[in-house]
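Next up: some structures, all given as structure tokens.
There are two complexes below, and they share chain A, which is joined by chain B in the first and by chain C in the second.
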Partner chain A sequence: MDYHLNFFFVLRDFDKLLDGLVVTLKLTVLANAMGLSLGFGVALLLGSPVRVVRWTATAFVEFFRCTPALIQIVWFFYCVPILFDVFLDAETMGLLALGLNLTAFNAEAYRAAIQAIPRAHLDASIALGLGWRARILHVVFPQALRMAVPVLITNAIGCFQQSALVALVAVSDLMYQAKTLSTQTYRPIETFTVVALIYLAISFPISQLVTYFERRNIRQMGG
Partner chain B sequence: MRDQSFVRINGLHKSFGQGAVQVFTGLDLEMSRQDRLVVIGPSGGGKSTLLRCIMGLDPIDAGEIRIDGKPYVSAGEGSQKNRIDRAIQRQVGMVFQHYTLFPHLSVIGNLILAPVTSRGEAKAGATQRATALLERFGLADKARSYPAQLSGGQKQRVAIARALMLEPRLMMFDEVTSALDPELVVEVEHMMVELAEQGMPMIVVTHDMWFAKNIATRVAFCAGGVILEQGEPAEFFSNPKLSRTRDFIVNVLRAA
Partner chain C sequence: MTYHFSFGFMLDYWSALLIGLTTTLELTLICVVLGALLGFVVSLMRTSESRLIYAIGSVYVELFRGTPVLIQIFWIFFCLPIVLHVEIGNLSSAIIALSLYMAAISSETFRAAMKAISREQHDACVALGLAPLAKITRVIFPQTILRAIPTLLSNTVSLFKESSLVSAVGMSDLLYVGQNIATRTFHPVEILTTVAFIYFAIAFPLTRAVTVVEQRLLRKIDA
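For the complex of A and B:
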């Protein structure tokens, strides 16, 4: 094989990749904001004593967990506008798909964490006269968040990787810029190698946080 | 004069699993504001459930609990829901066997949570009260510690202090020393004695016969779904009327 690697073109247009990276990061951060907050709400609904509420929440979670993210994105981009006559810009539709997908996965993480909170804490909360709002806000949420953090971070990294799929619906993220660049330069190997390294460079340090939080949880959650 | 009706329980019925297991079959109990009532009895006899019913944690099937003559917990006709007077509930404090401190909050954080979020007390004021309380019980240096950094005895003392932050008119202790190593029992016991000396009305479920003999004003033997026998400690321990009570006392004292 006499293919000569040449990174010149890729590096010349590196600013385009950076523009794409900004879009990717924006999508990831906003999707995580959705996933971290809505996910907890959905987790509470999953444990609701009202059957209809519980079933609806379960249906939501299972839909997003059991279908490919790629189809969800395409569905939001092409089907939602036809079925519901709503179309926001491509970036927003992509964000909705990513955010709701993450919401479903995070809801499961929160649900498991909520179930791990000792029942006795509920008794103690009642004995202390805490209302339901104080109980959720000050007893359940902080503990569930701490216990779920390793999984939430893993999901966040997954969401960051998955955001590459929005390139398919013409959102100009990192992956989209990479595709354009590789077509223009006829240098797919170099382009996608560089882009892979960018994804790796951002994901790897964050993945190390998982180990840190797991250790911290083991240390602190006795009480 | 002893006013007999500070806490008054009438005809308490309670079962688990839709009547499968009968816990109380018409239990009556009365205590005055001067009383420190110790409840003893065989395990499974419903001692803890009694406290949980008084706290409003477990629903009752029939009967009623009054505090200060006012209806507090009542079974409610026909409907399954109990009626609980939340204002009275807030005046009852309870400490559990397994501490139940919130692990994500510091000692101070545990103490001020309920006053600040539920009573709307200012954070600064609550912190000041909490600090004074910790100082009084020799826990001042633990204010910024987290529960995981405390010994069992310290955790339990913090749990008691947390309940005291709400200035309860009745304190209930559910086997608070049972999970502790023997050498840690004393420090928790000490705190309860101090409260007793200050005249705090309390209901104590315990296997600690020293406390029952020396600190209690009344001892009640709870078995078979009712209070079988009760009396002042001296009389109760030296001259129990029922053979069942006598057997229990002999066994417990032998074990101790």
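For the complex of A and C:
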């Protein structure tokens, strides 16, 4: 069997792929907004002195980190409407699953960063009479964020790539458009290669940022 | 709408779930071994002085780390047979896809582990007149493996989770079996939750093992 490469269809329907890319990016950005903010909150709960709070937070984080993202998405898609009697569109369900997944991973990143903050800083803020809100907002958060940035970016790229999974519950993201296009046109090689390159073109430059921030962190800690 | 919980029906299906779990575990195990071996070779390629070999290794790693695993699986299922002009079975395709992914992430693990081998040891090899092959097998390989073990273990956990993606191309792994039972019995909540707990029950102890191994190894290496 001979297969002749033909990019005509991919180029003709490129706007569909772009529509898909917009959905993918929207999901990624919103999930990251969730993950970056909620993740810090959960990280604080992980260090809570109240045992029940700490255990609940740990259970949440471990559960999302130790099960496949795909089953989380499928679970949200099928089970949330039944259990909670809420009917949201597939995109919102996908966003919830991706966002909570990222929250769990980011919480771990923040937790490690919070632990790296010297004990003396906390003592100093108590000595200065800072309230807990001021302590967290002005002492803990800025330092934890700085320290965690490389891991947070890595997680963001991971989330961008995992967002392709929502295609399996029929959210029309980039991956979904690729599947549809390749079946409609019988051009799997061209379609999947082009789409893979689109994903690469976005995650590769961002992954280079990680190296930059890692070096900066090492430099500043040494200096 | 009311949903009646029932767990009794699952007794009829537990052997099916077990078969799915076996597939998942087999797939993970095979791909971890193949992927780790290939990953070591790739990490060596990336230390090569030949620019071409270095470039091939790097492009491969960035390509597989920069694109979603789902699209890699789709590419290998639908495009590789066309490119190679051969029929590739379901299981073989899944093994190829996941091994290549594992190799890409593990090569980064090995690279980091290799960097930790001090410059003096390389000089010592030269001074002792060790042949390049002897240097790799006797000096670099054992130390790299030792240092890489914790990260390799967490890569294994990732691969175990990512292996659920093969359900999207119709391989009857744990998730696929679970979804099938869910549609057949109209009890998605019970079955999908059970499947998630099965994944959790395997991945969670592994992540704990990573921490323990890490602490022990670090103590040994530093001592």
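The criterion applied here is as follows: the second predicted complex is superposed on the first by the 219 of 223 C-alpha atoms of A that agree within 3 Å, B and C clash if a C-alpha of one lies under 4 Å from a C-alpha of the other, contacts with A are read in each partner's own complex, and residues count from 1 in each chain.
The rule is simple: contacts are C-beta pairs under 8 Å (C-beta built on N, C-alpha and C of every residue); 3 or more make two chains touch, one makes a residue touch a chain.
Remember, predicted model here, so these are calculated numbers, not experimental data.
When chain A is checked against chain B and against chain C, the one touching more of its residues turns out to be C. Residue contacts after overlaying the shared chain place A:His138 against chain B, while chain C stays out of touching range. In the superposition on chain A, contact of A:Ala127 is made with chain B only, not with chain C. Touch criterion met: A:Ile82 reaches chain C, while chain B stays clear of it. By the document's definition of touching, of the two partners only chain C reaches A:Met175; chain B does not. Of the two partner chains placed around the shared chain by superposition, chain C is the only one that A:Glu62 touches, whereas chain B remains out of contact.
Contacts of A:Pro118 after superposition: chain B is touched, whereas chain C is not reached.
In the superposition on chain A, A:Phe192 makes contact with chain C only, while chain B stays out of contact range.
No residue of chain A lies in contact with both chain B in one complex and chain C in the other. Across the complex, chain B meets chain A through its residues 52, 55-57, 86, 89-90, 92-94, 96, 98-105, 113-114, 117-119, 146-148, 155, 162-163, 166. Every residue of chain A that touches chain C in the complex is listed here, in rising order: 1, 3, 62-63, 65-72, 74-75, 78-79, 82-83, 85, 161-165, 167-168, 175, 178-179, 182, 188-189, 192-193, 195-196, 199-200, 203-204, 207.
Of all residues in chain C, only 1, 3, 62-63, 65-72, 74-75, 78-79, 82-83, 85, 157, 161-165, 167-168, 175, 178-179, 182, 188-189, 192-193, 195-196, 199-200, 203-204, 207 touch chain A in the complex they form.
If you check the complex, the residues on chain A that touch chain B are 118, 120-121, 123-124, 126-131, 134, 137-139, 142-143, 146, 219-223.
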